[in-house]
């Protein structure tokens, strides 16, 4: 029995390999090959473009795969979205598909696009969006460099953006947001009904999530005098019950917990001020709550 | 008056800039911008993908541009092919679009593809080719990594290849060659009828060709005794009449010519053996014959 | 309310960003900008040269900043030195400002410099030092490459050195050490009297120190049989009371502590020989004692 | 008293420095020098080639050193093999010395090599091996690029290989495996009889092993309800007794253990399914069992 | 007899070495040394900062050197400016010293700066400029990152700029241009009166100029029929008389000349259209007119 | 008919490829292969180490090859030295094999080495040299890092050196020079007697020499008034007779010649001062005198 898993080639590829590696699955691929090896005999990987993933998971060529929500919508694929994954600098923030026009264009609303030329890599996304707004336009497939096309080659464009800096550089104005998108772990419906495959998928997702959860977190441990224990506990965030164990010396407790990385700079001065001492922060690599 | 010129973004971009620079036109572009500057007030450049160039030159959005012959066919565009350009390591050899199947596939001829699934970036090319052979198949657009798709995701693929090494690495067999393609300088038909624009285009092409012609050539000059002149002339290739001038000393001539780089190792020993001396090879940067 | 914080541009910049990042403050800066962003709404950063930091903290343009002790002395600034920071490879060892002459110079003591030419980037430092020794000399500002100036362009130089290798390469001999210097966290006196700002500064310094303290330390945990506990405790360094907790099995204790990285190679063989087992070393990222 | 230690120059050098650094010994070397400095006054290091290490440890020029088992055999040296070290990506898998011939050579067995020409860097290894099989051949020293020599310059070669890919690229077929080899920590017999030196060597080996053991392992800690403790313990691998301590809350235990990195993806889903919670994985840097 | 020559350390150093190398003088310097070696026994080089060059040439410590016109003015040095050098991408365009204020500052003219704080690396330049305008202000030495100082740390700044992009990035507005500056070859007045030194300097400058002149030029040679000679000559730029020699065949002339790189694209089509043929462009490396 | 040519693998490989490329032979090699391809059907290349080249040319496995004179001596091979090649920065200066001892060694002369231990990569060279001096010593093969071996592992070493800086860094003193060595083009004696092979080798050597000769030379051309011709000719070096041709204007001559790169800075000022004008220097790529 084998699970056929699609890995997105291109910009997400290295981040995906890294996430899997941290989660306990070593994937590697020879240059110029698209068939990665994985150290799990029950999994077969295939590198394909994110744009096509949903198509091939949907038609059962693959059991599961990773791709963006946007491409699921674009290809109108019927797949099971098992989990949302925000695992890399690249993918942590959702990307946005936006409808843009030149800064000085007379176009102000979606309705103004009636009959206009729109260039985009997401012809499906755009057509669905326009239909919802009752607008008909000439949506033309763009092979890239879409931002440069308005106004010279098109009246408007629909493009993906993260920070908006490329839009600004090309003097474009956003008319509407069409879609927000993050990475998803998707499965074929039939495959996910199979007990063995579902278990395999769920275990993999559990590990991926454990790794992602640990990325923004750290471990804290400290010694707390008996009298101050309640106060210390009160300060600690409720994310997870702290592990409290008595020390051989009956007057002290050892308290250990996991907290958000971003809270530590606030938490440590408070903990110290209420009497915790020997506070140690240590890195963690996975957490399952 | 201004000539709107499309420069192919992507793999050919740097080579194109370099070719233009050597030909006397300095083009540069800021990162993230697609509007290059050129040191000629009569030209406006736009960076767009080679795949779309013919479409926009065809509909008059651009007056002229550089693209591959393949994309002209793919997009079925009606443009004037002004010149063939073979200017970079990348583009010197024609690329080939080939129809491939897995090495052990039962498919042997184009006819065997009837009703099969074919993945390709060149849906237009492929459909035209199949039609010529009276074959109907499901030709699906591939976003890349096309080689990996047969046999897992398609029965056959149509892909561009230069050396064939990627095909070999993916254990694919060529069933048929669909097209050979090189880079072309194309113009809009209307623009090319305009006197000013045609002159502008022709001068530019003249300079590009002068640069390309010089790349595989070198200058040779030598002193030849009067008595040996005929023999030396006989050896020199007919590419261009050598420049022969008498030296102040009446017994010697100075002979200077341009020859193919690749002939020099054969030519020099011969020239020396028939009596030429002081043979000097020097680099050249342009040649107009 | 906002704390205006100066970050030293140049050689310490990346190390400073890294120290702050590890301490829970993410600072980043666009290329060519000098106004970094920090993920704390109560802090405003400014990148300025270490040489000028004390001037601007002293006059209240900034509330606090990081700079070297040497530049505080050089600019004769009146600032509060809140903490000494030794946080990077670059800054861990103090730098030394030394008065040097060519190896074969007749100058042997500070007194021999009376009336001589001295080139230095630290005109203030040097003048103060000479005054203390009752010496008057021509101290000229050097824009850099100071080592090359003696003897061709000056009789002596005053230069900063870490390893002395640049001095040796330029065949210079040290006559006197003028100053040792490390990085300091400094504050404006008025700002430090403000309760909110002092608390903000002290919390920040606490976190920076916790990070720096952790860099040369590791965590050790081990299981110890009841009978060997006293012996194990006796071996452990007194840096921090170890955390001792009884295991469910009454015959064993779990002992956990933090020790200097450099002691581990001595400590572990000893611990093992007195009966500790299951000794595990793990990395830590912050420690507050 | 000082221990003279040989460090292998070349491909293993950086990995050796790194292993020692992680084990608590900082070794560094100036470019072009072969005498590294180490932060232990009782050790003197010398960088020499792995091929010569056993010779110089054997004759007492060095007390100890690191080298491959192959070079001990090649040089027929009489040294104490204190420990096997598998510490880097480069050295984790044993290398193999193999006797190869061109794919289409008529040579099938070792016996077929009688009287033939064999090129190899391991003349000693090869001669010993042939002698064992009663074969006499012309074994010639090869300075490198040995794979290219058959069949043009030799009938067979003996070469070291890790993955076999270089053999395949040169169309060679393995006739016999001569030797497997890993890195060894070796000592001079006399030195190892000296109490002080043996202790020094053994402590060093203990630390190196603690570091290597930790590389493929991680720490796991979790909270377990009293009722599920036995079940959780049963799942945990027997590598090391887990540390179990009661929490202040009597219904829960804290369980902490060290497991193989490669088991985690299997273990965590199981632990979760039997009731463990708050499972945290953390990195470790040394382990002594 | 020896000429002491100062080479500017820092941003111009490599370009200066390159210019000298092309001009026939090989200069090189060991890392961390400031005394370059040159393959001319009659020259001694010293690397010093451009800011200090004029000071040391002025006082005779050096006979000659390269520096910017700005630093001659800044240090108010009395030196002979032998030649202006525009030799590298870095130095071809003059740099400009500009007086800037924040975009939204009320300051509009130089007069508005009366009594204000100005930060600058060019205290001398700025003070001289303000004096000419009858303005008195607090001009403070800035160690760098000057652009960031207005308005937080100063009311205005005086800074060097090439493209203005750094000013724009820091939202600064130019109030006045203080100075334009290019690189100069300067000499000490006394040294330049010495016959041997002046000759040495003049020869060096001749070679540097020959190299710089060649950088924007190319050689053109062509065959021209007798009847067209006058027409071809008329087209050629007057930069240098073309070399015209009769060919052995009396009906043709060989014409050879040097032209500006930037004219070639215009010239070649014209030359061809009036009957020149076999037009060859070749690179040149020095030209003395 | 085919010429089997050995190309030295390793430090000279890239320089050799480059020299051949400039000489008109394009050689390239796939990574991990040792059989380069060359664009000449009459030549077969093989990459082997310089140390072994003479052995395989000597025994006829190869017809010709490039290697150092030192390795010809070391292996005592009987080969035809067709030409000396000084073609790269690496090989332009001869390397020297020197016998060295520690700076403070009592050994002063070759005779003092009687009975001592000498480590060297050149066992043959060293033994031949000692024999000439009537000295017997233990010469041991060193795998590398030879400089570190004296005095810890050997009494003296014999090592190759270019600049002596590695010797100095290891505090070694040269007792005697054993050999100077440059790169040679060698041939098998039998092969060189074959007409076709000798012609092939001689043509190749002719081209290699033409390329090497051009590297340190440049072309000069200038216009000279009739009256000054004799004076100009007198100044020009005798390397090659200048080409003098009358210009159409009878009062001027065009003079063109090839000179040493290093003379140009002296020559041009002189030429100018005697009346040459329009002096142009241009690069050349081959010269056969």
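Labels A, B, C, D, E and F are assigned to the chains in the order they are written; within every chain, residues are numbered from 1.
Just so it is clear, a residue touches a chain if its C-beta (ideal position, glycine included) is under 8 Å from a C-beta of that chain, and two chains touch if they have at least 3 such contacts.
Keep in mind that this is a model prediction, so the values were computed, not measured.
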Both-way neighbours, i.e. chains that touch subunit F and touch subunit E: B
Figure out the least number of contact steps between subunit C and subunit E, where 1 means they touch directly. 1
Centroid-based (C-alpha) most distant chain relative to subunit C: B
Rounded to the nearest 5 degrees, the rotation mapping the CA atoms of subunit C onto those of subunit D is 120
Using each chain's Cα centroid, which is most distant from the centroid of subunit F? A
Taking the mean of the CA coordinates per chain, how far is subunit B from subunit F in Å? 39
Between subunit B and subunit D, what is the gap in Å from one C-alpha centre to the other? 53
Multi-chain contact sites of subunit B, meaning residues that touch two or more partners: 245-246, 282-283
Graph of touching chains, which shape: line, ring, star, complete, other? other
Where do chains touch, given as pairs? A-B, A-C, A-D, B-E, B-F, C-D, C-E, D-F, E-F
Show me the residue ranges of subunit F that touch subunit E in the complex, using the header's touch definition. 218, 221, 223, 245-249, 254, 261-262, 264-265, 268-269, 272, 277-283
Residue positions on subunit D within touch of subunit C in the complex are 23-25, 39, 202-204, 206-207, 210, 214, 219, 240-241, 243-246, 253, 256, 258, 282-289
Subunit F - residues contacting subunit D, complex: 9-10, 32-35, 46-49, 51-52, 56, 61, 142-145, 147-149, 152-153, 165-166, 169-170
